[in-house]
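We just call them A, B, C, D and E in the order they show up, numbering each chain from 1.
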C-alpha cells in the first residue's frame, strides 16, 4: 500500500509524497471512516473520504416492514440523538396520514428535542477536545452532564440511547411523575457546567491557536454544498429550520439563532455552546407552559395498538426537523399499503462530510483530524 | 584502569572499521556514533572531563543526527557498490592507508624520549579552563564563533536555496 | 604500571588510517564525511594524550581539541549541506558519478 | 504530649541520623568490605552498591509514576483511578509490568530487526544513566563530577538519536511522521533548556550539580530571585517538551498519528519506551528542583525527603498539564521554542548579569522590570496575528 | 495577558481534583459490582412471559401477534395441541433469540393479553452464542409478582384494567354458557 506518487516538478529535493490512509482503524475518526490522505511532508495535498463501512441497509429494510416497525431502527441512525430521529420520522408519517398531535405531546416533543440537542453538543465539544489532544478530561466532564440527561430519557422512554419513544400522533407513554422537577433541576444546573467548560476551554491560548483560522468554510461554498446545521450557521448563514418551517409549536418560543463570522473550527465550537444556551432558554419556557392532557391522539392510539394493519393513504411526504447535526429529513412514499413503498433519510452528517476535502487542503495532518471533529459526523447516519 | 583503556581502544578500532566498511548506511552512522562515544570514554580516562562531555554533546547529539538525516534524505540506504571495474581502487585504498600507518608507527617507535606519566592525578578545573579560553585563547574563541555563524548561514543557504524556488 | 604514551599514539594512528581508508575507498559521499570525522577524532585523541602526559598546568591541549571539535562540527554541517544539494542535481551521492562539472 | 526530658537538640540529632542513614549504611558495608577484600576490589564494591541502588530505584520510580499519573488524571476527571488491584490500586503497576512481559513481541515484517531490537535499549540507557548524576540527598550523589550538569545535557541529547532510529527501523508511515516530529522537537527545545540552566551556572560559577545545590542553603533557594523564577518556568516548560509530555506530546500524538514513533512496539519493548519517558520525567523534574528549588536543602526534614518532596511536586504539575491541555501543532511548537523560550532565556541571562554586579535593590527592580517588559513584548509579538482573543458572534432572530 | 487563559483552565482542573476529595458529589462514577445505580422503573431490557400462579399456565395464548409485530422477527411460536390434535390456547414452543432482539418494547405494547413484558435483568452474559442465547419458554417465564416488584406503578394500572375487563366480560358472558369464560384467564 506504499504506492508513492513521484512529483514531476523540477528536480527539487524530490521528497516522495507520502500516501497515508487515516483508516477505519484509527483512534480519532469518530467510528469506521477512512481518509486517504496524500501528504507532502506534513501538509495535505489530497484527501479522499471513504465511507460505507457501517452500511446496514436501513432504507431497504424499512420497505418490507410496517410503518411503526422501522421506528426503533431510526434510533440507530444518529445514535447520539435518537429522540430527534424519532420525531422527524413521526412528523413525516403524520404529514402523510394527516393525524394531529395533542398539545401535551407537542410540548413533550419540544422538551425531548432540546434535551437531545444539549446531549449532542456537550458530547461534541468533549470529543473535539479529545481530537485536539486533551487527554479525555473535557469528554468526561461532558459525559458527567450527559449521563444526567440520559437518565431522564431512561425514566421516560425506557432506554438511555435507543428511546423508541415517539408514536404517530404523539408519544408512547406520558411523563412519569417527578420527571418535570427533576428535569428542571438538571436544566438549572447546566449554566454552571457551561461556565466551567468555557473557563477551561474558550479562552485557552492553545485551543485558540489550534482552532482559529483552521478549516475555514466560506458562506457560498457552504450554501452550494447544501451543508446545514451548526456548521452552516458558523459560516454566518442564518438558516435554522425551527425558525423557517416553525414545525410543531416552535413559534411559541422566543429564542435566538447564534451565527459565526469567520466559519473556522473555533466558530463551529463556540456556535454550539451558544446553541446550548438557547436550548436551555427554550426548555425553561416549555416547562412553564407544559399543561395536562392526552398524550396521543385517538387515531394514533389505534395505530399504535396494531401497527401491522395501519394503512397510510397513498402519496409522498418529506418531513424535516432541525436535528442537532443539521436538517434531518425523511422522504416517504406510500401506495396506501401497510408498508412504505420508498423510504429515504436525508442525513445531515453525510452531506456535511462532502466538503471535508475543501476545508482540509493545505492544512496539516493534525488540522484535518480536528476539522473532521468539528463537522460532528456520526457514522450510523452517514452510512445508514 | 589499564584494562579499561585496552577494552575501549578495541571497541574504538572495531567500530571504526565497521563504520567505514558496512554497506547499510544507517549501520555506518550507528557505528560512527559508537566511535565518537568510545573516544569520549578515552578522554574521560585521560582526565579531560570537559572535552569528553563536549565530544558527546556535539558529536553524538548533533553530528550523528545530521548524518542520519542526510542518509535519510539521500535515500540510497544500501549503497550499491559497483565493484565491477574498481576492484583495484579498493586495494589501492588499503595500500595507502597501511603505508600511512607504517610511517606513523615507525615515527612513534623511533621516539625514545617520550614523556613519562609525571603526575598521577592532576585535574585541570573547568574554571581555569574557562579563564584560559577567554584570556590566552580569546582570538581563536572569537574566530571560532565567527566560523560557526558562517557555517550555519552557509549550510542553510545551500540547503534552503532549492526550496525557495520550487515552492 | 601506567599506560605509556606510545600506546595512545598507536591507537590514534590506527584510527587515523582507518578514517583515511574509509575516505579513500568508499563510494558514498556520506561515508567519506564519516571517514573525515574519524580522522579528526584521531587528531583530537592525540592532542589530549600529549596534554595528559605533559606537566598539565597549561590547558592548551584541551582548548585545541575544543576548537578542533567545533570546527569539525561546522565542517560536517556544511559538508552535508553540499552533499544534499549535490544529490538534488545528480540524483545520487556516488562520488564517482559526480565528476562532470557542467550538468 | 512531648516528654519534658526530650530536649530540642535530641530531635535535631535524630533528624541528623535519619538524614545520613543511607550514607552510614554504605559506610558500614564499606568497612566490612575493606576488612575482607583487597584494595582495588573495595572501590569496585562501592561502585556496585551505588549502581545497584540506582538500578533498583529506577524501575520502582517508573512503576509508581505510572500509578501516580493514572490516579491524578483520574481525580482530575472526577473518577477514582485504579483501585481494584491492591489497596489503593498500589499493585496496579506490578500487574501492568506482568502484562507487558507476557504480551507478544511483534516485529513488523518489513522492519529492520537490528534497529527494531536496539532502539528501546538505546532509549532507556540515557534515562537510567542520568539518575547517577542527581544529588539524592546530603553527600548522597552517586557521581560527583566537576562537569555534572553538562554531562546531564549531553546524555539526554543522545536520546534523540535512538528515538529516530527506532521509528526508522519499524518501517511504518505513522512512526516516520512521529520520528520527524520527535527529532525536530527535541533538538529545538534542548537549546532553551540549556540556556535557562546557564543562568544558574553563571550565578554559582560551577557546573557540578552538587555545588549548585550546596549554594542554596536553608531556604534561600534560587527560585526566590527574579531570574531564578523565570529560569525555573522556562527550564520546566522546555523539559516538559523534552520528555514529549502534553501539551508538547506530538511525537506520540494518539489522535493524529496513532502512537507516533512507538507504534510498532509491543510487549517489553514498549515498556522500555514507557520507562524511558517516565524516568526522563523524574530526572528532569529532579534536576529542575536541584537547580532552582535547592535540591535536598530544607530546614527540618532529612535531606532526601526534601529531594523527593520537591521532585514529586514538580511531577504533579506535569501530570496536571496532562489532564488539562490540548496539543500544540508542529509549527506552533517550533514557533514557541524559537520565538518565545529562546529570547526569554537570553534575556534571563542578561538579568543574571545585572544581578551579580548591581546592588540588591537595583538588581531586584531592574530584574523584574526587564523580565516583565520582555514577556509583554514577546507575548505581543507572538500572538499579534494568530489569536483573536474575543471574537464576536451574532445572535440573529 | 498572554498566559491567563491557560492558567484559568488549570484552575478548573485543580478544583475538580480537590472536589473529588472534599465535596459529596465530586466523584461521579459508581463502583459497579459493589454499589449499583437505582434502576428506573420503565427501563426495558429483554422480554419475559408472565404467568399468574402455575408456570405452565402462561397468560400467552399463542395468538402470534407479537411474532408478526416484532421488527427484527426474533420470536418463534408453535401452538400447543392436546391429545386429539385440537389446538390448545397455550404455546408449546415460545423462544426469543436474544442475539436478534433489540429490546424495543413493541411486543409489550401490541400484546392484547398482557402476556409479554420487558424485564430489568441485564446481567445476561453467556459463554455460548448459539443455543445459550436462544431463550426457551421455561427460561422466559416469570411470576406476575416479579413484575409487580420491578414495575409497581405499571402493575397497579394493569391490574385495575384487568379487573375492570374481567368484570365486564363476566357480566357480558353470564347469559352465555359458563364454560366459555375460562378462556379469558
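Assume contacts are C-beta pairs under 8 Å (C-beta built on N, C-alpha and C of every residue); 3 or more make two chains touch, one makes a residue touch a chain.
All figures in this text were calculated on a predicted structure; none of them were measured in a lab.
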- Message: Looking at contacts between chains, which pair has the highest count of C-beta pairs?
- Response: B-C
- Task: Taking each chain's centre as the mean of its C-alpha atoms, give the chain farthest from subunit C.
- Result: E
- Chain nearest the global centroid, as defined over all protein CA atoms shown: D
- So, in whole Å, the Cα centroid of subunit A is separated from that of subunit B by 62
- State, to the nearest whole Å, the distance from the C-alpha centre of subunit B to the C-alpha centre of subunit C. 5
- Message: Based only on mean CA positions, could you tell me how far subunit C sits from subunit E in angstrom?
- Response: 82
- Message: Which positions in subunit E are in touch with at least two other chains?
- Response: 2-3, 6, 9, 12-13, 16, 28
- Note on the structure: Check: subunit C positions touching at least 2 other chains come out as 84, 88
- Item | Numbers and ranges of subunit D residues touching at least 2 other chains | 76-79, 323-325, 383
- Okay, in this complex, where on subunit C does subunit B touch? 1-11, 13-22, 24-28, 30-31, 33-35, 37-38, 41, 44-45, 48-57, 59, 61-63, 65-67, 69-78, 80-85, 87-88, 92-94, 96
- Task: Quick one: which bits of subunit D touch subunit B in the complex? Just the residue numbers, please.
- Result: 112, 114-115, 118, 145-147, 150-151, 153-155, 157-158, 160-161, 164-165, 168, 183, 187, 190, 205-207
- Message: So in the complex, the part of subunit A that touches subunit E is made up of which residues?
- Response: 65-66, 68-73, 137, 141, 144, 147, 151, 154-159, 162, 164, 172-173, 176, 196, 199-206, 208, 304-308
- Of all residues in subunit B, which touch subunit D in the complex? 26-27, 30, 33, 49-50, 53-54, 56-57, 60-62, 64-65, 68-69, 72, 123, 125-127
- Query: Contact residues on subunit D for subunit E in the complex?
  - Reply: 72, 75-80, 83, 320-321, 323-325, 375-376, 379, 382-383
